[in-house]
Amino acid sequence: MAERLPVAVLGANGRMGSEAVKAVNAADDLEVVAALGRGDSLDDLVDAGARYIVDLSIPDATEANVRFAVEHGMHAVVGTTGWDTPRLDSLAALLGEHPGVGVLIAPNFALGSVLASAFAAKAARYFESVEIVELHHPDKVDAPSGTAIRTAQLIAAARAEAGVGPSPDATTKQLDGARGADVDGVRVHAVRLRGLVAHEEVLLGGVGEQLTIRHDSFDRVSFMPGVILGLRTVADHPGLTVGLDGYLDLGL
Amino acid sequence: MAERLPVAVLGANGRMGSEAVKAVNAADDLEVVAALGRGDSLDDLVDAGARYIVDLSIPDATEANVRFAVEHGMHAVVGTTGWDTPRLDSLAALLGEHPGVGVLIAPNFALGSVLASAFAAKAARYFESVEIVELHHPDKVDAPSGTAIRTAQLIAAARAEAGVGPSPDATTKQLDGARGADVDGVRVHAVRLRGLVAHEEVLLGGVGEQLTIRHDSFDRVSFMPGVILGLRTVADHPGLTVGLDGYLDLGL
Amino acid sequence: MAERLPVAVLGANGRMGSEAVKAVNAADDLEVVAALGRGDSLDDLVDAGARYIVDLSIPDATEANVRFAVEHGMHAVVGTTGWDTPRLDSLAALLGEHPGVGVLIAPNFALGSVLASAFAAKAARYFESVEIVELHHPDKVDAPSGTAIRTAQLIAAARAEAGVGPSPDATTKQLDGARGADVDGVRVHAVRLRGLVAHEEVLLGGVGEQLTIRHDSFDRVSFMPGVILGLRTVADHPGLTVGLDGYLDLGL
Amino acid sequence: MAERLPVAVLGANGRMGSEAVKAVNAADDLEVVAALGRGDSLDDLVDAGARYIVDLSIPDATEANVRFAVEHGMHAVVGTTGWDTPRLDSLAALLGEHPGVGVLIAPNFALGSVLASAFAAKAARYFESVEIVELHHPDKVDAPSGTAIRTAQLIAAARAEAGVGPSPDATTKQLDGARGADVDGVRVHAVRLRGLVAHEEVLLGGVGEQLTIRHDSFDRVSFMPGVILGLRTVADHPGLTVGLDGYLDLGL
């Protein structure tokens, strides 16, 4: 039987981290050799023989965690936010000194969500109209969601590149807000409904036809297949990759 | 074989009127005996022996058409807009003098649309959250649609009557318009997309569940079953009825 | 402050029962005074002063539980299956001897699901075509779901009563199974998909229009509002009621 | 102003052909110089100066039409069915003798449909479960639709290539047909509903998430943007291309 890849989970006591521990151990080819929480020493990674880390800690800790991993030749899959351009540049420089090591930093590990955004951007140039409806639980404080805004930006960029004009809209008389928010020329509508988790629908319309691409996230465990995919693939992608779509075979 | 009911169509050259002529003639139990356009004399109704009229003319003509019918003992099914309260009151008074005659004035003859609104209003008190998404072709000038505004008003009234509070919404940070228009406390989102005709979706959410009621109108022929139903039923409803739901067996 | 109604939960250690304990205690006007599991004595209900029971036990136990409650003047809300006609008849007879006591036996406490079935049955006579698509997690052993079969039966009965013929279908050449199962003349399609819980969609189609009624159950907590509604209303419905729709103001 | 490309439409009196005449003339950069029906001589193509043909004739005529076009150096966009392997091979050989000429043979010109199939196949390897629901008007004689069968085959091939096992399914007790047709291991459900035209929905499910890709064809005019795209691009693709996806920038 093949040996399992030795993985350390950082931020292992958080909601995402504890799911990651379960998911890694459930994978045939992976094994958690260390599960670190706040205050644990990074030296434990070395002692445990980890060759991969999953960082799901906090913005204040993630940079030190990942740099430590890279310096010790461990590949890293990172879901923590807080990676601004200076941090990314500095990490890329560090990776230049460790040529065999791979790091994946992904704001979104839901495969379906990443695919939905990529498909929507790809299709956007072929339709006259495009709008986005995102739906979330009513405890969410921001509208639209960050994911919907990013999808709209990708769509807008794809249409601009292909020379497609704005979606037609003859509205001259509206109740305030009826036509949604304008994100780079793409209308985005945010629904808030008890019972929901996180959902996004991209509607593309042309003469006589409609294409709809919808992603539903029912549970945060939906992020785990993306984390596992990241662990299995990160060693084949030396250097820095931002966004899980870089690892998907989208041919995009 | 039973005799067909003799029906006159007014506004017979318009888009709706010409569909009505076809639909009435296609019904086993109905027959078009007169098809009047602009400038034709109302006396033709009498000469043709009409006992029912379908008025799909224009706001300026509809009142005279319907009053003429009532005065001549003909039942009327009316899809033309322009019936404000004074006109309705005056018509009701006239009907008081002609006790056997029925008139149905319906702003919307799409059975599915009328049912969707009625169901949404009925369900609204049982869910914590409710929002509306309406979707139309991009040549529409108003947003939200009149139908969506009426549905929202019915929902708001039903929730108020049942003592249900507002839908929860923790939004504190939004792009302008993201959360839609506010119609009596119900959020309404208007999508405009090439390829669509007229669509409405009412989303109701509670802990762990969602109820969705959606109506799609693909073509104006969708109004015809409602017109036919009106013609078949109007004689059983003497006096004035506003809204097709008054003829449906909704038990509402 | 008003006193809370004293409620006992039977089957309190099961998945549904433990949710019910939480939900009852979370309601302002209700309170769990006894939570019984397998082997606990029904005398505890009396000792605890329960005036209402929620029975979420097992088919073998539910009849004895409910009869005990009725004999002690307690109202009962029952979600356990296993109530065949002889048991129901016998219970109705017992209730005849306890005229003030109410019992609700409901195969389905999801408000949205009950409403969806009722609306679908109401609408079915107004559309030429109707089909059902139900979607569940892939660990479900039966297809279609019991709920979908009941919905199809309600629809078929409503159409028969209104004299509506079968949905049109010109299919002459099909792969085995493509057109779904036939339940009293209504086509029912069962989708099995990882990530889903329990979902049902009734599609009604007429010339130029479609009405869709969809219910999504994301979590078994979706049954709790129905249980709470039952508890609050059962005392106002003396005798035996089967089906939560009997308590809803559907006017159907 | 740039000269318009001279296009001939064959099968110009058919339903698709007459739409094509309108669509080509409506395009800024194209012009119909000949519109041929049954019995018209192919020599008219030469006389009219056509450099492109759109063939929407009948299976018995299409091969001769296209070969004539190629022999006269005209590019061809072909929507007629009936191109089996021997015909395609023979055409490819002919194109070898006319190296600058391009021919596109496409069973489906709806951009959205082609995109939906391509995206579904691309996504299929990343989800545990996949099923297809197709919905059509009730006058359709075959079930499932040819498009749905092709989509299922593409999905099955993509999963096989990626080593993904069958979708999980614990069904042990079913009404005949409930779980749909089995196309290469992919379940396909066919709904028939008055009011609909042609619709396809691919449902992909993983732990905690769902991806849905849906295409709605409301009208056969939805094929025209694909025909126009074909005409604009065919000259850049010398030789034989089967399937519109070969002209789309899918990076697949």
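Labels A, B, C and D are assigned to the chains in the order they are written; within every chain, residues are numbered from 1.
One rule holds in what follows: contacts are C-beta pairs under 8 Å (C-beta built on N, C-alpha and C of every residue); 3 or more make two chains touch, one makes a residue touch a chain.
Note that the coordinates shown come from a computational prediction; the quantities given were computed from them, not determined experimentally.
Set against the Cα centre of subunit B, the chain with the most distant centre is A.
As for how the two copies subunit C and subunit D face one another, over half of their interface residue numbers coincide. For the pair subunit B and subunit D, the distance between mean C-alpha positions equals 39 Å. Chain geometry summary: the mean Cα position of subunit C and that of subunit D are 46 Å apart. For the pair subunit B and subunit C, the distance between mean C-alpha positions equals 34 Å. Shared interface positions of subunit C, i.e. residues touching 2 or more other chains, are given as 127, 195, 204, 206-210, 216, 218, 222.
Across the complex, subunit A meets subunit D through its residues 110-113, 115-116, 119, 122-123, 125-127, 204, 206-225, 229, 248-252.
Contact residues of subunit C toward subunit A in the complex are 195, 197, 216, 218, 222.
Contact residues on subunit C toward subunit D in their complex (touch as defined above): 127-131, 133, 135, 138-144, 149, 167-183, 187-196, 203-210.
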